[in-house]
Amino acid sequence: DGPNSASPTGAGSLPVLEQKDTYTIGFAAQQSDHPWTIALNDSLKQEAEARGHKFVMTDAQGSTAKQVSDVQSLIGQGVDVIVISPREEKPLAEVTLEAKAAGIPVFIVDRKLDESVAVPGEDYVAFIGSDFVAQGRAAGQWMAEQLDGSGKIIELYGTTGSSAADDRHKGFLEAIEGTNIEIVAAQDGDMIRDNGRKLMETLIQQYPDVDGVFAHNDEMMLGAITAMQAAGKKPGQEIVTVSVDGQKEAVQAIIDGTLGATAECNPRFGPKLMDAIEAYGSGQAVDPEQVNNDNFFDATNAPAELANAF
Amino acid sequence: MTQSTVTAPNAQGVSRQRSIRRLEFISRNGIWIALAALIAFNVVASNGFLSWQTLQTNLGQMSTVAICAVGMTFIIAKGGIDLSVGSQMAVAGAVSGAIITSWSGLTSVPVVGLIVVLTAAMLSAAVLGTANGFLVANLRVQPIVATLVVMITGRGLAQLMTSGRLYEITNSQVLNLGRGTILGLPTMAWVMVIVVVLATWMNRKTVFGRQVFAVGGNRIAAGLAGVPVRRVTYTVYMASAALAGLAAVLSVGVNGTVDTANLGLGYEFTVISAVVVGGTSLTGGKPRVLGTIGGVALLQLLSYTLASHNIATEISSLVQAGVILLAVASQLRRKS
Amino acid sequence: MERSERETQSRYAKLKTRERFRDFRTLIQGNSTVFMLSSVLVLLAVFMPRFFNPYNVSTMLGSQDLICIGLMAIGATFVISTGGIDLSLAGVCVASSIVAALLAPYGAWLSLFGAIGFGILIGAINGALVAWGRLPSFIVTLAMLMALRGLSLIMADRGRVPVDRDFGLVVFQNTKLGIVPLVFIVFAAIGIVSWFVYTRTRFGLHVLAVGGDEQASLMMGLRVPLVHFFVFSISGGLSGLAGVFLLAKTTTGNPLEAQGWELTAIAAVILGGTLLTGGKGTITGTLSGVALLALVFQVLNYVNGMGIEINTYLQNVIRGLFVLAVVVVQARAVLGSKKRRT
Amino acid sequence: MDQEPLLHIEGLQKSFSGTTALSDACLTVYPGEVHALMGQNGAGKSTLIKTLTGIYTGDGGKIEFCGQPINFRSPYEAQRGGISTIYQEINLVGLRSVAENVFLGQEPTRFSALNRSRMDKEAKTLLARVGIDVDPRLPLARLSTAAQQMVAIARALSFRSKLVIMDEPTSSLHDREVDTLFEVIDNLRQDGVSVIFTSHKLDELYRICDKVTILRDGRTVRTSPMADISRIELVATMLGKDPRQIEASGQTAFERPKAPKPGVEPLLDVRRVSSGGLCRDAALSLHAGEVVGVAGLLGSGRSELAAAVYGMSAIDSGDMELSGTPYKPRSARDALKKRISLTPEDRKVSGLVGPMSISENITLSILDRISTFGVIRKNREEKIVAEMIDSLGVKSSGPQQPVNELSGGNQQKVLLARSLVLEPKILILDEPTRGVDVGAKAEIQRMISSMVANNRDRGVIMISSEMEEIIEGSNRIMIMRDGETVAFLDASTVTNGQLMLYMASGDTGADVSKTGDIR
């Protein structure tokens, strides 16, 4: 075992998961009102049930405080394993320690916890997730390439203050730093298609000569594409378009030529997570930090990947 | 003091009168003045504001809100309130989405298909409206509570129906309804105009409009004077819900998707703000349909202006809050 | 037209029993939520005894559904009793939690009072606009909610404001007397004080009078604007405190937290039997309403774990129907008690 | 007078958008004086009072109280300054208890907590002083209008003020309560407290007032000691007419309707009806072409009976027949369909739709008649409304004025107009002339008489607490006591005293000491 792997007998005195054929897995979801999170929740549920585990899900409905309570409720119920898709890094780290104290091993999916409070491999078994910054960076690099390093672009921001949006923004900025690409407008579309459309309808009028659009998720981009088309522009050709997520409709849009590319953010954590839980239960080593190798879809691979998109 | 002398009102009184009259003018035309000011600002400060496209964009964007707001005007005038508009839209969206996908043969027939979809959407929303009416009129639950319950339950039902997933809508008629134009203006805007004209007419000329006002003005007295209070209550809630259903189809059309989690989300507050800004009293009374449209237009143009000038959300929400307050304040007729 | 004395007397006796029966009914009506809460607790104890394990009880007593919503609901009870409504509760709560987080480096006390003071300030602005600006409270507080969301983002610099885990206020959440968290004790104390103010003081009476008939109260020489001003300030202050406890729970000030909580708080107030039109209400009812809603949340989570799958959409439907059931029972009861004059 | 005046108002002005309510009002009140404020409906009496006590802000003029110039900005300040007021429309909080209503604003406390037991006890004593005996813990809304009025009076007494203002306190009171009230006023006078008193009943003014100030169209036209002005002069000044035009006639303007043809089936037959616990075994028959007066003490269940006939409250036992067919209304709409109409006694809560215009209020019950396929015919509506406004003499800035801006008496006329345009078969009038000035009262009474005289197929049930109105205006009088019908009398032979005895004790000759159970 390397110093970075966790095992029931390893360092950090992680709680032990008794080996059983089926586990009761408690999952504290952060919300289920968005295609991406729904895909994530479904993936976990389907995979767990396919393998015969009992799956208990709570839904924080977008509230960190509720998610903390939800985890506490799962602790109170005495589930075997707790899986958290944390809404926020710090509060959920605190409650993870509570689970640890109660002797329940925890797995974290999607977003990281605050490492100054809870450390993977010591306080919880493993983090399996995606890297929002990397997604933003990938989108930025692609945009920079397409625009040859200069141009005016519009950014359709995710929910202001949410980590997915902030990280993608950060990654994107990193990627276009040093180029002549200028973000002329960044408006909050709350990751909703209708808002993406309305914002684009408005912005395209104020900035008719815009060169590119970067949306923090596919939904907003799909709305924006309608708006650009309605304004008589050709998104994907006249205007470079790139977004994040890789949902089926977006991949189809790449094939149709209206969307340039989308940085995948795969919500299908189920198989990887279940493998990890089962491995941990059987006493094997588990890699405490597993980041998804997210794909990047553009015209070259879209037709092939369409079937795999969520 | 047996005989009094007749004195002319003194100067102080006269100037008071004049200032009262000026205040009244502003209060009666507050939104229109604000709207004009906002347009003037945009003409100066926004790129290509005086264009056909601006009109198209704004009319299109305000139409779904306006259609819901017309229904809400009558509800509020009746002395009620409806927090469940957004959920009604979600349910209507879910139902129409289901019908479009499962009966694609029927729904792609020109005209007939559209009628089927619209009817289904409006009826399914009206079911929730009926629930509101029943709770308020028969069970005497207070409107805020009744519609709050329907709001929570309704969205839950809509999401249950779609299991939370998105429906992609490819039905060309529905898409056309949302995205098409007639005589250069969005079809949605025409739908809005028809709804507004009808509602204004009903409000001014029909017995129904009178009855809504009476119930909103004094429910007890209206009932004793023979106004069918219960029927009026049902009618306003059902009609408003049906309009929400119509708005839902428009929204589905323009976005090409049914997203039950977000369809109509938060509409209730936008719509209520518009109605109140438009001068209909929250305690009930006279429905002011045109005022409502003014209110919707003001809020729409405001968010258009803020977005096109790339104002950050946090600042935008401060500005919007301020404008709503100012607009309502200017509407208020002084009581003494 | 003469009737025998006996007949008259038996008629009066009949009327008397009816009256007495009505008194009993009034008692239940007045406390229907308390009764309902007790019966739910008893049912749970019988059918899900494990639900009452110490850990679960302890976390429930400290949960935001009870404490934060509870504090807001108490404030809302005052406002609603005057015939107003406060939609800015959750906005104040979130903004105050950020204020508290920002003030954390300067010490726990400053942070605590800063946040409460901020809440009172916002409440006072609401109150002033309603009282002297004569604006409808629905719209004032709705606009305030919007403004506060913006303000929170600005104060948090569009991000989040974390605090140390050993920060004084967090200790609030983590300290327990036996299985009772300190926050619950504070909350209970505030509940008792509020109950006293609401039912036993002149101010409480004036609140109810203004809600019963604002015009009449004005003509009777009550300082109606001041009453409006104070109820909103109270509501703001309590929501500010809710913000402090929210911060204690999440250790992070987050502008996106607590969305829609104002409606939950208001629903709890109504469940408690307070008339939305004002003039009638109880604090005990509100507290039972809060507890009832918090229990329903917890039970739904718990039932989920017992093999009965209730997905979150269905949970919402059930929550809605539950509130509906309670409200309808109450409305029926009220109707029954005064089936006079339509 | 060598005394300093307590209150001195000069040149007070107040206008609302569109109407001038006060243009030059003057009023001087000396300590220990009962001062009548007189004027037609809409003359500006209530506006004067409201401007004085800070509900309205005046546009000009000067007010001195106790020798100091004052400008109260709210009733709170006026109350603190020593003026307590009973406004025209009863302004109490229905949901709160009687005791709370009496003490609201000056509640007794102990260790900063409300002292409820003391409050209830003191309220009970105060109420006893104005002659009513109720449980002070009852919600106020459970009391009848008259009892509520007495609570308002008790409240005004609880403030030890220098000036008590009473705006038409007697309009909903019965003679006995009026007597009690006058005793109370007398005591106040003896204690050196001044009283401003408005009423449309001349008898009362002459009985109790020392002085009178007459307002016309918002301006003070005369102030005089009560003893120096004759009735005719008073009315003439008030109406702005020549005294010679006002001929002295009977107390009311009723022409007693001709007796209906005997032996015909009654239009309405109410048999042993009980309803709401307050109307027990009431019986009533009404024939076409007849006016039946209903007399009774405060809370005797008259309004309750009317509510039962009008379908407002459920009937517990007994039955009713309408022209020989069983009649069981379940709502006011049912009654209206049978062409039965009611003008309720409480015009603010159950009568008018405040924000609606005069015109809209008048046509509210006949919307189907003025519309085709649900569309309102404006011209038809205007015609009907214009006729009605004209014949009742409603004073307003136009038919589009909201009724809540009208003076009390004019509101009453609008309410009556709504019933009259319906042309009902049976018209139930609950206190039809409450708060109406002498001129208008006569018009209303004339209209009631002529309605029955001209349409011999109709009948009127008139509930009234004014003896003269009942005696002169009806054919027969039905007397209610404690919810029961105790007697039917022929109005042409009965006397005031007889009626009083029946109402109080049920049979002539018994003592009248029993107080009406006002619960």
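Order of writing sets the labels: A, B, C and D. Residues in every chain begin at 1.
Going forward, contacts are C-beta pairs under 8 Å (C-beta built on N, C-alpha and C of every residue); 3 or more make two chains touch, one makes a residue touch a chain.
All values derive from a computational prediction rather than experimental measurement.
No other pair of chains has as many C-beta pairs in contact as B-C. Once the centre of each chain is set as its mean CA position, chain B and chain D turn out to be 42 Å apart. Mean C-alpha positions place chain A and chain D at a centre distance of 72 Å.
The geometric centre of chain B is 30 Å away from that of chain C, both derived from CA atoms.
We define each chain's centre as the mean of its Cα atoms; on that basis chain A and chain B are separated by 36 Å. Chain D has residues 55, 312, 331-332, 350 in contact with two or more other chains.
Residues of chain C found to touch two or more other chains are 153, 158, 311, 313, 315, 341-342.
Multi-chain contact residues, meaning those touching two or more other chains, occur in chain B at positions 159, 164, 220, 223, 312-314.
Which chains touch which is summed up as A-B, A-C, B-C, B-D, C-D. Across the complex, chain B meets chain A through its residues 46-48, 51, 53-54, 57, 60-61, 159, 164-166, 168, 179, 251, 254-257, 259, 261-263, 265, 304, 307-310, 312-314. Residue ranges on chain D touching chain C, taken from their complex, read 55, 74-76, 78-80, 85, 87, 91-96, 100-101, 104-105, 107, 109, 112-114, 155, 276-277, 280-281, 307, 312-314, 331-332, 350, 484-487.
Listed in rising order, the residues of chain D touching chain B in the complex are 11, 13, 15, 17, 23-24, 26, 28, 55-57, 59-60, 219-224, 310, 312, 331-333, 336, 342, 344, 349-356, 360, 364-365, 367-368, 371, 374-376, 418.
Taken in their complex, chain C has these residues touching chain B: 85, 129, 133-136, 138-140, 142-147, 149-154, 158, 263, 266-267, 270, 275-277, 311, 313-317, 319-321, 323-324, 327-328, 331-332, 334-335, 341-342.
Residues of chain C that touch chain D in their complex: 1, 3, 11, 15, 196, 200-202, 204-206, 208-209, 211-213, 215-223, 279-280, 339-342.
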